[in-house]
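Here come two complexes built around subunit A, the first alongside subunit B, the second alongside subunit C.
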Partner chain A sequence: MTRAFLALVLRDLRLAARVGGSGAMGLVFFLMLVAVVPFALGPDLNLLARIGPALLWFSAVLATLIGLDRLFQTDVEDGAIDLILSSDTPLEVLVAAKGVAHWLTTGLPLALLAPLFGLLLALTPGAMLAVAATLVVGTPALTFIGAVGAALTASLGRGGLLLAILVMPLMVPTLIFGVSAANAATGGTIAFLTPFLILAALSLVAIVIGIFAAAAALRQSA
Partner chain B sequence: MRISVEGLACRRGERLLFRDLSFSLASGEALVVTGRNGAGKSSLIAMLAGRLAPAAGAIRAEGIGEATLAEVTNHVGHKEGLKAALTAEENLAFAGAMLGRPRLSPREALARVGLARAADLPAGYLSAGQRRRVALARLFVSRRPLWLLDEPTSALDAASQVRLAEVMQGHLAEGGLIIAATHAPLGLEGTKTLSIDAHVPSVDLPGGAEGERA
Partner chain C sequence: MPRLSSLWNLANPTRFLGLADRLLPWLAALAAALLAVGLYLSFFVAPPDYQQGETVRIMFIHVPAAWLGLFMYVMMSASALGTLVWRHPLADVAQKAAAPIGAAFTFVCLVTGSLWGKPMWGTWWVWDARLTSVLVLFLMYLGIMALWRAVDDPGRAARAVAVLTLVGVVNIPIIKFSVDWWSTLHQPAAVFRIDGPTIHPSMLWPLLVMALAFTVLAVALHVAGMRNEILRRRVRSLWLMEAERLDAGAETAAGAAR
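Now for the complex of A and B:
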């Protein structure tokens, strides 16, 4: 079981890294969104610093969405899904492996680079750290909520828009608590830990429910 | 092990592809499924692989313990399941990890299909026939008794077809089972054959307007 899990994670990491892989796509999209905002809003550093955490989180949600539709679709298209479905390892374990690989190539790099991109939005060092910490804890929720939508739309040719409509509303709570935790760290009336722990709880729930729901959806749709 | 299929029917959308299809197959036996295009050969293979629910009838397997039929099946469909960016060896190593019950290493399996030299090439660089052979090499990386093959000889040259017939004969001699959907003769001795055309509902016989819609 561990062997199949690791093999699938490793394969997806390799595919993301090789030519034609989508490894850096989310990151580049993230950078573009963040870089364009100061041009649109003008060089008002106070304004940028105030809305910076929210902008970074919003961009992270969109950057996660952009590659999600291919999560299971490529395997359905080339038939590799037959191998995954006929494995003697439970499908839930393999869906978890797909999610972990996706998070390692999308969510984690976004979180690690968020402080750097925070420079573009004139964030204070404290705010940068808070955004990075909330993204590390919150992006697994985005990945595994998205995995359900990706599994549902796996056999549709162009399921990208449908996927976004399906999963975006479910990502809103994560977004709300992610941003409020990041804001709480830089001042405000509530303690940082309150929204941060709720965010962590949302992630844990999303991982568990996402794995089972995506596996069930995959059995039906693929 | 033994597979028995009784009164199987297949419905895709509104259309009834076949019905009342029955056969049984024991260890060491091979079944060749024939039929015109669109008759439902691939659908039958998909049902046996557990990917499609039968509209009626039942598929039973004996002698496989608690495993499901899908877990003892090595299925090579018309989609090869190869990742173009991964090498032939990496593709097979992944297949081996998914299928479990390890048998030959990926390199040995590639040597069996005469592709030892292509092991380090990305699958995307291979020709159609070579890709098919890499997919067939999957049969050797795992010790699964039932081989489900959908058009196994397509894109294969004459020498590879002979080689395929030899390995299939070897698999049967070891007590394996083979179910293959094909138009071309496989060159196997003593196989059972099943023509799906005989089980197609009469309104849907060849020549009718419906019959041509695949």
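Now for the complex of A and C:
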């Protein structure tokens, strides 16, 4: 079971790194969003510093969506899904492996690079650290909520936009607590730990529900 | 198991259609009568509020619409379980018919709330916990309706929507308790409380009549929607059969020509 899990994670990581994979695309999109917003809002550094954490979080949500629509779709197209479905290993474990691989290629790099992008938005070092910490804890929730949508739309040719419509409402609580934790760290009326712990709890719940719901959806639709 | 078997008897769409045809006129008439009584009570009998004045009457539509918006989602989740667990043939029909009705009630709730908010709070919209979570409910209804339209085969669409509905059900308790967990602008519950309603009987009665009227209206619309969906599926299968027949005819013609 562990071997199948690791094999699937490694396969997805390799696929993401090679030609046609979406490995670096999420990051480039993330950078693009962060770079475009100052053009829209004007280069006022005080304003950017104030909305910076929210902006980074919002960009992270959108960047997560980029790779999601291909999460199961490529497997449906090349037939790998039949092997995954008929494997001895429980489908839930394999869905977890796909989610972990997706998180390793989008969520984690986003969180690690967020401090760098924070420089563009004139964040203070404390705020950068807080945003990175909340993203590390919060992006698994985004990935696994998104995995449900990806599984539901896996066999639809035109699932990309539908996926965004289905999962964005479910991502709202994660976004709220991620941003409020990041803002609390930079000086607010509430302690940092309260929203941060709720964010961690949301992540854990999303991982559990996401794995089982995505596996159920795959069994039904693929 | 007499009771169980009666539920399974309804699984026969023809029997359901017969029952629906007999029930619908009564349900529609009852809904119309209750709505007439409820609207009369809330616009002419109930007193204006000592603080809010006449705008309090918006509440008689706003609150039942909010209840029904939640209720239809719970109904949809129960049907989703029926689809996934028991494979009840009418469960996915019930699920599909409920989505637009629930979305409409949620929309009415949002619009009337915003009309009330302008004179009372001084703004059409605030990003308060209750308002935001109801907006998320509305977006989820739209997503579910979009997923229904995206999958061609009704059976597969039903199972996909069922999974999505059950995932989205976590939002329902958040909406219900949002006013207690985050004490922001929206009022806390006034009717269903452990220590009894805090609303004066002169306003409680019109509200309850309106709630009953909205519920009967929702049931009537839902039965009608289910009937239409069954008929729509029959038309679809007739079309498929006709297409197959034409296809087979064309093939034999082509074979004869060869």
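Operating definition for what follows: the second predicted complex is superposed on the first by the 222 of 222 C-alpha atoms of A that agree within 3 Å, B and C clash if a C-alpha of one lies under 4 Å from a C-alpha of the other, contacts with A are read in each partner's own complex, and residues count from 1 in each chain.
Criterion: a residue touches a chain if its C-beta (ideal position, glycine included) is under 8 Å from a C-beta of that chain, and two chains touch if they have at least 3 such contacts.
Since this is a predicted model, take the numbers as computed values, not measurements.
Within the superposed three-chain model, A:P173 lies in touch with subunit C and out of touch with subunit B [touch as defined at top].
Contacts of A:A213 after superposition: subunit C is touched, whereas subunit B is not reached. In the superposition on chain A, contact of A:D44 is made with neither subunit B nor subunit C.
Legend: residue contacts after superposition of the two complexes on their common chain; A:V148 is shown touching subunit C, with no touch to subunit B. Common to the subunit B and subunit C contact sets on subunit A is no residue at all. The part of subunit B that touches subunit A in the complex is made up of residues 49-51, 67, 70-71, 73, 75, 77, 79-86, 90, 93-95, 97-101. For subunit A in complex with subunit C, the touching residues are 148-149, 152-153, 156, 158-159, 162, 165-166, 168-170, 172-173, 205, 209, 213, 216-217, 220-221.
Subunit A makes touch with subunit B in their complex at residues 3-4, 6-8, 11, 14-15, 18-21, 77-89, 94. Contact residues on subunit C toward subunit A in their complex (touch as defined above): 84, 132, 136, 139-140, 142-143, 146-147, 150-151, 156, 159-160, 162-164, 166-168, 170-171, 174.
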